[in-house]
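Okay, got some structures for you below.
After this come two complexes, each holding chain A, first together with chain B and then together with chain C.
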Partner chain A sequence: MEFRDVHYTYLQTGPEVKVLKDINLSIFSGDFLSLIGSSGAGKSTLLLHLNGLLKPTQGKVLYKGTDVHTKDFKLKELRRKVGMLFQYPENNFFGQTVYEDVSYAPKNSGKQGKDLERAVGLALERVGVPKNYLSRSPFGLSGGEKRRVALAGVLAMDPELLVLDEPTAGLDPTHRQQFILLMQELHKQGTTVVMVSHEMDQVSEIGGRTVVLEQGRIVAQGTTRQVMTECDLCNWGLDLPEIVKLGRSLSLVYRGGPVLTEAEALEGILQQRGGKGAK
Partner chain B sequence: MIAVNDVCFQYNSSEEPVLEHLNLQVRSGEMLTIMGANGSGKSTLARLFNALLIPQSGSVLVDGLDTAKELEQAGIRTKVGMVFQNPDNQIVAPTVEDDVAFGLENLGVEHKEMRERVQLALARMGLAGYAEASPSKLSGGQKQRVAIAGILAMNPKYLVLDEAGSMLDPKSRKELLNIVVELKHQGMGIVMITQHPEEALMGDTLVILNRGKIVHQGTPREVLGLEAALLNQYGLDTTTMSRLANSLRKRGVELPKGILTVEEMVNALC
Partner chain C sequence: MLSDLRVGQYIHGKSLLHQLDPRTKLWCLMVLSMASFMLETWLGIGAISLVLLTLMKLSQVQLKWHLSSIKVIWPVLVLTLLLNAFSIPGTTLFGIGSLILTTEGLKAGLLLAVRIVLIILITSLFSFTTSPIKLSGGVESLLKPFNKLGLPGAELALMMSIALRFIPTIVEEGERLLRAAQARGGDLTSGNLLKRARSLTPLLIPLFLGSFRRADELALAMEARGYQVGGRRTSFHELKLQSMDYWVLLFSSISFLALIGTRFI
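This part shows the complex of A and B:
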């Protein structure tokens, strides 16, 4: 997908609010793209352009080269390919059973009978929720389970692009870690992922590419390593990951570059000390 | 002091108790932090402090007032302010000023005094220029500050924050923490529920809740210095630096005990 000179202005009663300004961005198949920025920077608004829920006030959003807001473009199909997991998705549970919730979207897109059952079963398997949960109430699950069931509801559509808005907010550290591993596994299996996160440690551990939004503009983009280690994130209301702070204080290097992850910091420190155990 | 004495709590609909035989104290000028996995009972506990929930057995006493006594509940709610996770759920009025005045209005505070207390609370939260603004136009961090200003206007003695920073960006979260620490220094008793070990370090006492029971209680350094495997058992984690220190020790690097922050790691390695 490509954003070309995209501007977006909320036209409410009262003064206009320019939320996105001059956004140029490409999302490639196989990307893991993290979108970071302070509250109100325009991250969620940008996400809503990915499946055509919002139309740019100016500029274009292209899917495989075609403007998604032209008459001939089938937005409905795009929405089938772009799965969105919004913030605190479990707040939107409505079904009596897990099956009802997970089957909702594929059913609406025309799946039925064995096909539908297969899609639901596969989605639950991918998020690691046991089959016997199908008949349970989604409201009685733990926080981590709820989040995974919500994700299964999105995966049941087998999306090409998975869009996640603060996917681990409110989860405890164990469930947070599980969810990150799950996202990485889905990514490995070929799903393209775009994630909004306030957790800088999480973004740096995941790697991939990072885009920084500030007051509606892209102020930095590149590999996560470049953005985290070369930019001064503090200027944009963000915090450096703990590991990057440590790396800067100690000038830690891993494979010739500044360290980004815990594992790299470990090797960097061992190398610096010339101690035993360094790889 | 808020005293939680041998408290048990169970929701009508559930088979299992949510909290079992809890004993805790919150003193003025002190910060108690609570960590626990999702479903450990943290939010239920938070709601016991200001009589939103009443324990089935045991008692919660706020400066001697009993949350179970209906006549004492109004007094308790002016003493104990609560800030929840989602700022949007806590805003009730069309302007910031009205929102902050809401609690005082309900108490029937006289107009002139109300205005003064609202202005003071807004100033303390750095919102002096926002009195006429619509809360819906504010950022998440600003909304949380409006919520706290509304509480401060009531002159509470205790403040309970239930993951109040979890929906905020890093900068706003840090600002919120600084405000809370400042209030503590001014003598307020603070209860802070958090999922972030780096934040828990700021408290005087850290309690770990697991399946409705207190499984560890001590200074944050003592508790976060526990074996990582033990904390993981409770669905929790120690700080990034503590984890890294453990990995380094396993690879033969000698390090002093109790490394929890970047600064401490840097000092230990230089």
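This part shows the complex of A and C:
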């Protein structure tokens, strides 16, 4: 499955604020794309275009080569394939029980009876929520559990593309780590992931590709390695990942280039020491 | 969609109307709305529309904002017109079965619809030019005489300003929930009214929960900053009537008295 050639231009809301300008972006099947940028750069607005919730004022959003805003295109089909987890999704629970909430999406796509139960069970299993939670109220769970149930509600549609808007905001470090591992696991299983994040350390550990948005424009895009180590993120109100900073100040080298992740930094340090020892 | 709702919104500006004291404007709001219901001739309605148009021009608020507030009540207007036109007995214009359209009914319906438009325009003009802070200040000061009778004027004004303040927030929240539902395949825009209403019910739970949570947080934040019911509070912006206010009050009151006078002569 392929999600290809997404291309948007201009968006005007209310008193003519141009939130997105000349956005040219492709998302390929199997990508793990991180979207970074300072607050108000248009990241969330960009995400809302991915499943046709917003219509570009100029330009086109294409899914497998077809414009999603033409009459023949079934937006509902697209929304079934693009799972979107909004910011603070625990405020958007629709059901009085975990089961009811997670089953909302598959029910909408026509699943019934055993099929529905299986979809809900599988989704909860993927996020690691125990079965005995099914009849509990989602509002009474802990912060980390709520977030995972919300993700299950999206995964229950079995989306090809998973869109996440700051999925770890407001979580404690342990849950944050768990959540990232969970997303990496989903990615490995073949889901394409697009994620907005403010945490550079997270982005650098994940790798994949990175797009930098600044005042509605894409100012940099490429592999996370390129963006993090070659661009000057400070210009756009962003901070470098701690590891990259450390690597710079210690002039660590990994395979002939600057380091990006913890593991690479470790390797770099060992190499540096080893090299000196040999001399 | 929902964000098109302009009723109760304040538009920042520096026009004459923005500068008037909120109490003056509240008085004018009352006078104008009562006048539009007291005047029964088309001449009178025309006169009051002219006054309103002048005020709208003076407010320096763009015309499209005024129009957008009418857009919301469009169905109500049509319903008013039709109900009146078909229910009031009189000379038959034409009839379909037992439904009879009368000239009198059409006239009455039209008059009522125009009056509703006038009231909406007057009210939205008031809210466009009066910031919520000034509005609640004005209400508080007007209610002050009733304090002795045990009416908590300051608290009522506070309630009102909080309610006004949270309209846009709740609209925004509703929109967010709609999006979340649509993103999960919720079909909210097709089907008949009943079906649509049913598909919206799940959204009410998080909407209410969000409101309660917000109210809780607000109460806590207010107490943390020393708010007390019945406490004596001073105001940063003291309301004081300017000479312009006195002129407007005088003029509007005289016109209003004159209008009442003509009804009894």
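Throughout what follows, the second predicted complex is superposed on the first by the 258 of 279 C-alpha atoms of A that agree within 3 Å, B and C clash if a C-alpha of one lies under 4 Å from a C-alpha of the other, contacts with A are read in each partner's own complex, and residues count from 1 in each chain.
The rule is short, and it goes like this: contacts are C-beta pairs under 8 Å (C-beta built on N, C-alpha and C of every residue); 3 or more make two chains touch, one makes a residue touch a chain.
Just so it is clear, the model here is predicted, and its values are computed rather than measured.
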Partner chain in contact with A:24 - chain B first, chain C second, else both or neither: neither
First (chain B), second (chain C), both or neither touched by A:273: first
First, second, both or neither for A:173, with chain B first and chain C second: first
First, second, both or neither for A:40, with chain B first and chain C second: first
Which of chain B and chain C A:198 touches, first, second, both or neither: first
Partner chain in contact with A:135 - chain B first, chain C second, else both or neither: neither
Partner touching more residues of chain A, whether chain B or chain C: B
Doubly contacted residues of chain A, that is, touched by chain B and again by chain C: none
Touching residues on chain A, where the partner in the complex is chain B: 37-40, 87, 142-144, 166, 169-177, 198, 200-201, 237-239, 242-243, 245-246, 249-250, 262, 265-266, 269-270, 273, 275-278
Parts of chain B lying in touch with chain A, wherever the complex brings them together: 36-39, 85, 139-141, 163, 166-174, 195, 197-198, 232, 235-237, 239-241, 243-244, 247-248, 251-253, 262, 265-266, 269-270
Chain C to chain A touching residues, read off their complex: 3, 176-177, 179-187, 202-203, 205-206, 209-210
Contact footprint of chain C on chain A as seen in their complex: 14, 48, 51, 53, 76, 79-80, 82-84, 86, 89, 91-96, 104-105, 108-109, 139, 153-154, 157
